[in-house]
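Per-chain residue numbering starts at 1, and chain names A, B and C are given in the order in which the chains are listed.
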């Protein structure tokens, strides 16, 4: 019963968000319930759709897991989009340049992605710790640079044979593709999902069950006390960036080798920023990441149907996601107002 | 040459208005991170409303309301609910941008009213300066006014000084009888309204029409320009014009270097970061010490209470 | 015109900062408000200046009951307050600081403001450069700026909260003559302080506050013993105690100069032997905290030498100090000692010797429960730090002290604790003496200083004012010394 009462503000917010979505659909002249049903169908309506949803789930899981780590250290890692991109670039480089069978290329692309993302994140971390540049701006700037790098590669040195096009590079040779299982003829994304779920599990374990994770949490909540307790705070901040970047980089590998099978300008798929929404909604805890991420990609994948069937812009999915997070945040803060924070040792001379 | 300068000033005008608005907001101590989304949604709203009503002015008003409302959400959730301004601002960025894409979808490609050109008689005939400064439309003249008024209010009025105090040390302002949270709310809303007007300027003036990529990345750039400009209206405006110049340069060079046109619009951000690192360095501060009159202009400190919540007890 | 304060109450959570305060001040008088840290003086003044809103009670100025709900109300009524840390805007000029918040036309006429600043300033005998930045002013100059500003706003009541903290002797003399002039001009001047000598030197009348209540009111002169007794309450005379075991010096400070913000400690030399307990007495800002932080490694001495166990630590980092066996327990339990949102068990894991990568939570919970039992902490292993009461937070901090410590540095170890908890804390601390651990602690509690120290070092205005063996002194003398006077 207590759990239900605690969940009430969240449930109310979710209902309110849904109501907002319905109103919005009405405003756009669309049949609301049919549209919502299309969302569900679009993500789970058939085996191939489920497969697509699961494939979309993976990079979001990876990015979100990485963000849980950086948030735990008290950081706003807005550079996550750039980290995904650079990971994808690194993986693409391996896919294009290295010969070899799939069981060699696969770990190589994953490793490359991780390293690429890690380096990109450490750049943002270094800008923060040694350059005094807030990680939001460092991260944003590096996002832009990464986006520029991708465009340059796709239109320049790695351009498609024939005419350069923003539709991407040449498709990678098949051995470089992340393999699926050819059941049902559609290739279930077993490896990507496994990577994603493993990352969430590892992050959960790391934060809950290791000294490193505990110290990271301490640094995130009170850097001052942590320093006095003997924790080298700078090293932990950089470590958080490294882990977050590596996981985001692997998300980039998935995008490049499992989804697109080539490098495209939009390679990040927006999963970095979406991951921030997921973690905000999960109240920064790893436990809820998996179901929330699945919910969100279902909305994203499903909303492509809105375009096909009803002629509505698929950005509706993004609106729904944003409204859910906003309402839940407000609902949570509103109900927290009722119970006053204990002043504890807040006496005054 | 005059034509180039003219186009730079015209292209930068909306950015100038947006950055003036955000400078006001941040001077009061609030971060409105949602600019990327706000610009997009207000651009779309301004266009759609103007399209329906057939009048650009009404479009601008609607856009201002949208910008103000988004800012109001950030201000009130921060002040009343103690929510993190960055978190709310970030969510609103994505939400507003997606709302703009969704609702504006059916209006892509439509032609709407535009702000008419309005060269100022007599002044626009002055050689060189006339063409550069006085041969524009209301939006551009509005941008000039925005710079002038913001600067004048900040540094020549009591209200402006109080505003600076609120963002710098809210307890100090409070002790002097200033109502900190009320001021923060209204200044944030004002800043948001200005951002809204800037958005409409893109869809009704500078770029005409609505499409998803209309204001791409300009919101993020605006945020960087405010920091680059050290929260001083003149320097922020300079940053906006600098960026406008880069954009125009990219346009002209795109035939010469094909890949460059894609890259150049993205380059300013990392340039801003480099500028930030330099500006925070001790060398720059020494220049400020050498010219005390220019101290305001050369200083680069954020309002000390930026992003914080003011609580009385 | 008189200022009358009747039955003011104010609480913060469960702390009663003002518990029925009542007194009267006539105009043209310099009235002292005397009390030790935590007595409730600042809270009361912040209520008078509108910064806080009282829970109940009446403030009456010149026969008119004031509705003080915000500083704007107080300013309108003519009440102005000079905060202990003057609330100036550091990056702004003196002139802008002067003008900010003042009423007037929309357009800011800086030249007439400059003239006004010079006029009022020179009337008060100050020389202020309008173009200087507030951050470059000394504390004394910032005070002058604020006084000028408040006077130009037409203040009738001026409150000065501990104004002599952090100003030079010359500035103090100037401040005092200013205060005299203001009172002569008919203002009501309230002078809040803990410094006996200043109250005696300056004030016409005095109110003594202790634990949120008025315990004494009279016209000056009042004998010092009376003031001391009223300020501190009944002094506990300690019974005999064990003399400290003599051992090798653990901490050696030699002609050390320390600078931290506005506090400056000069030419300090001090030795501490193994097993010795040294108590640092004195009111806040006098230098004790600065000394503790330097010993902890958070502040490097500007000159002089600091060594522990013979190892020179002049340029050592904080972590070097930790490795040398120095453990620092700051006063802000939640701000600097514990981490909010982290449980008792997690805190203990953070400070345990175990360095394995994975945490065995079952073992950690067991260990935590052991410490909970050992230190009688009222909480469970999963209780987050912020829900613990102050006493239990302190017990947790004690449990987190490593087993082998050479030097324990404590800032107000029993602040906010009840008698039982305080006694328990000391019992555990003293156990460590037999291991050769030295303890240096700062406290505002005279009982505590007398009872547990072997030696007491009294700080006043940034210098060591006196050193006494605990057995050779008593509460009354300590009260004098803390107030900056030698007992006659």
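Convention: a contact is a pair of C-beta atoms (placed from the backbone, for glycine too) under 8 Å apart; a residue touches a chain by one contact, two chains touch by 3 or more.
Computed from a prediction, not measured in an experiment: that's the story for all the values here.
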For this structure, which two chains have more C-beta pairs in contact than any other pair? A-B
Would you identify the chain whose Cα-based centre sits farthest away from the centre of chain B? C
Rounded to a whole Å, what is the gap between the Cα centroids of chain A and chain B? 29
Could you please state the distance in Å, as a whole number, between where the Cα atoms of chain A are centred and where those of chain C are centred? 48
On a C-alpha centroid basis, what's the spacing between chain B and chain C, in Å? 45
Residue list for chain C, restricted to those that touch at least two other chains: 12
Can you name the residues of chain A that touch chain C in the complex? 209-212, 214-215, 217-218, 221-222, 224-232, 342-349
Chain C residues within the chain A interface of the complex: 12-15, 17, 37-43, 46, 318-319, 322, 328, 330, 333-342, 346, 349-351, 355-359, 361, 386-387, 389-390, 393, 400, 416
Which of the residues in chain B end up touching chain C in this complex? 156-162, 164-165, 168-169, 171-179, 292, 295, 299, 301, 304, 312-313
Touching residues of chain B toward chain A in the complex: what are they? 33, 77, 81-83, 86-88, 90-92, 94-95, 97-106, 217, 220, 223-224, 227, 258-259, 262-263, 266-267, 269-270, 272-273, 276-277, 280
Which stretch or stretches of chain C touch chain B in the complex? 12, 49, 51-52, 70-72, 74-76, 81, 83, 87-92, 96, 99-102, 104-108, 131, 133
